[in-house]
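So, here come the structures, one by one.
In the two assemblies presented below, subunit A is common to both, partnered first by subunit B and then by subunit C.
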Partner chain A sequence: MNSRYVPAFAHALRETALHNPKFRIGAGLLALFAALVPAAPAHAYTITISSGSRAIYLQVGQGGYSGTHLNGGTPGNNGTVNTVSVSVPAGVVASGTAQQMTSNSTVSQSPIDGFVFCSPPSQVYIGAWSRPGGTSSGVATLTVTTPANLTSGSDTIPFSQISWTMSGIGDTVFQFPNGSFTGGTQTLATFPANTWKEQCMTFQYANSVLPAAGTYTGRAVYTLSLP
Partner chain B sequence: MQKGTTLAISLVLAASALAESAYAASHFETGDEAPLAASVRLNFTILIPEILTLRIDPRDAATNALQSPWALRVPAMAVRADGLEPDPTTLPRAVASSNAGTLATGAAAAESVQLGESAQANPPEQVSLAQPDDRPLLRSIEPTVSLDTHSAAFLVALP
Partner chain C sequence: MMHRFALALACCLSAALTAPALAQTVAAPDPGVRTFRVDDSGTVVLDPFLEMQWQPSGPAGASNIVSASTRVSVQLNLATWVGQVGRIYMTLPRSSGPTVRASWRTGGGLLAGSLISGERALVYSGPIGSPILRDIIDLRLEVDSARLAGPESLSFGFEIELAP
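On to the complex of A and B.
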């Protein structure tokens, strides 16, 4: 965790500066000013967004933003279902040597400001924001749910064989934890009012079980919920 | 009036569920209702290639007693599916075993040997083999597999 404490709005500017050199100088001056003001916890790649009507946005892989948030873009829906896959070479099946998975997501740029943040196809963008509306302080929660197994007919591979690592270009403090699927519902993060968090996920297959030959499929469902 | 209201609510709920199911990679949701939820999906696919699994029953045919240690010899020729000469650099490799055995390189680098201990109370032991260079294994490996044990009564079977 970042041990620095700066006001949330200054942090937003700092993050913007990290993403876009054009804003670096201005943000630096404001961050200096902000350092003199009583503070709240800072988290890298968490930005504050303006309050407004009650809304939430969640993106995993391909996005639905028209333009970028910084340039007045608007959020939307995207019907693409991205796929993360791996073809295990026969010579290493069940060897216990983890196999990196790749995706068909092509998203590299942050919808916040267009900064090249993720490295597809090895990384999958994940980001979300929550705006509870008005002066509400409602906290949103991001979860991921998986079934117990990936399946190929009647054959199975435990979903727990898949793990992920969070990262991002230029990122040092991560918003979501590393982990592996549990075959149930897991909480990934909480979102205080009017915040946006983003990260890049790299998936790995543990390759420590010996399943029958086949193509195993399964689906993870990410849900952002604002009470 | 009540029926109409119920129908309208049902239609709204159905439309909402349909819309939510359509959101895959990104989902923007707005409204005053509580809770507000956005769901997206991510598919996972793992391709596991064909490998060969041998089941070995290391028991003496006469006494039914477990034999230990045992060794399974797999000539390199046995796993060449392309008809070419055996290549000692492409010997099969045990990728999993139900016993504590390890795969050793056999005589003249022309075979691999799966060594095992009959530790299981209820055989058969199971050994899975794969080619290092990812070529498919011959399915008719049985005639070329021999067991180097105290007894010739062990069973080696294809799945």
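On to the complex of A and C.
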């Protein structure tokens, strides 16, 4: 009920202010007084959270972390290029029976917290994180690039003969797909802002071609990029 | 009907068994009660700027949740309400940023508990016997890392409810 009268009262005040200079001065003094009143006590405590400065990190096999991330470890460079290999006995070459490959990687622990995640030498750790920093929400991309063939002199084996399976000790979340090399650039994963993904790769040689005897080599290059 | 009743009872028992000592998270005040903001200007945050860290990977692999912890020396000015009975809640207003989960342990003066931004949680219930209520709380903050684009300022507060 009262609210019906308030607009009329307010209207009357506006009329008075417009036509009575003294009232307008009074209103100005009131505003000044309000500005001089000491501020009321703060009613909140504030905490600012952030994801940190812009950075990315990629580890395939041996890595560059000093300690573990959760214990204050920091990422660094490691120039090691790990090798994955298999020797196929002459009697089973081209039998179509896949041959499991082994690596010279010794990494078993996650650099996040030291959790024993991978089982070398049959498994190779792969993990990466992206932190766009600032106000960016950029998505990082992990790719792997291979040539068309493994080579031994002029002899070749298609790189597509090699495939991988992703897993990890107690793993239930698969963050990278299983696949086989295509002899080109393949996208393995994307990383939303502030994401860490990790897995363990087990490589297999399909053994479905009959190449000349020899040692065939090729290099897979993993790249993490953030726009 | 019986089935529904049994289900509701089971739900309540489950909640009681899993979190008996935690503060109660309440979305809205009861009607009829008087609610006031509490002067917590004496509160000090040990480290008010936190760089969030990834969670331990564990068997599920790396998580999208990042977290950080700090210690807060809480000081609430309750002089206005000494001699009354009240409930004090910790609040964290919802913002345009990512949803934040806060959980805390206390030194005993306040209740331990947790809340999601936009909620409030009971941290004290009973008579207001002293003009100043102090406690140390170990506060842990968690957020979905993919939604944390830039620095986010979290403004915690306290409010008191007095019985009508």
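Things worth noting here:
In this text, the second predicted complex is superposed on the first by the 177 of 227 C-alpha atoms of A that agree within 3 Å, B and C clash if a C-alpha of one lies under 4 Å from a C-alpha of the other, contacts with A are read in each partner's own complex, and residues count from 1 in each chain.
Convention: a contact is a pair of C-beta atoms (placed from the backbone, for glycine too) under 8 Å apart; a residue touches a chain by one contact, two chains touch by 3 or more.
Please read these numbers as outputs of a predicted model, since none were measured by experiment.
Contacts of A:124 after superposition on the shared chain: subunit B is touched, whereas subunit C is not. Within the superposed three-chain model, A:170 lies in touch with subunit C and out of touch with subunit B [touch as defined at top].
Applying the stated contact rule after C-alpha superposition, one finds that A:188 touches neither subunit B nor subunit C.
Judged by the touch definition given at the top, the superposed model places A:47 against subunit C, while subunit B stays out of reach. Shared-chain residue A:59: touches subunit B; no touch with subunit C. In the superposed model, A:70 lies in contact with subunit C only, and not with subunit B. Of the two partners subunit B and subunit C, it is B that touches the larger number of subunit A residues. Overlaid on A, the two complexes show subunit B and subunit C touching no common residue of subunit A. By the touch criterion given at the top, residues 22-32, 34-51, 93, 95-96, 128, 130-136 of subunit B touch subunit A in their complex. Against subunit B, in their complex, subunit A makes its touches with residues 53-65, 75-95, 101, 105, 124, 128, 133, 150, 152, 157, 159, 161-162, 203, 205, 210-227. Within the complex, the subunit A residues that touch subunit C are 41-52, 69-70, 110, 112-113, 115, 117, 127, 129, 132, 134-137, 168-173, 175, 192-199. The part of subunit C that touches subunit A in the complex is made up of residues 37-41, 43-45, 48-64, 66, 68, 70, 72, 77, 100, 139, 141, 143, 145-158.
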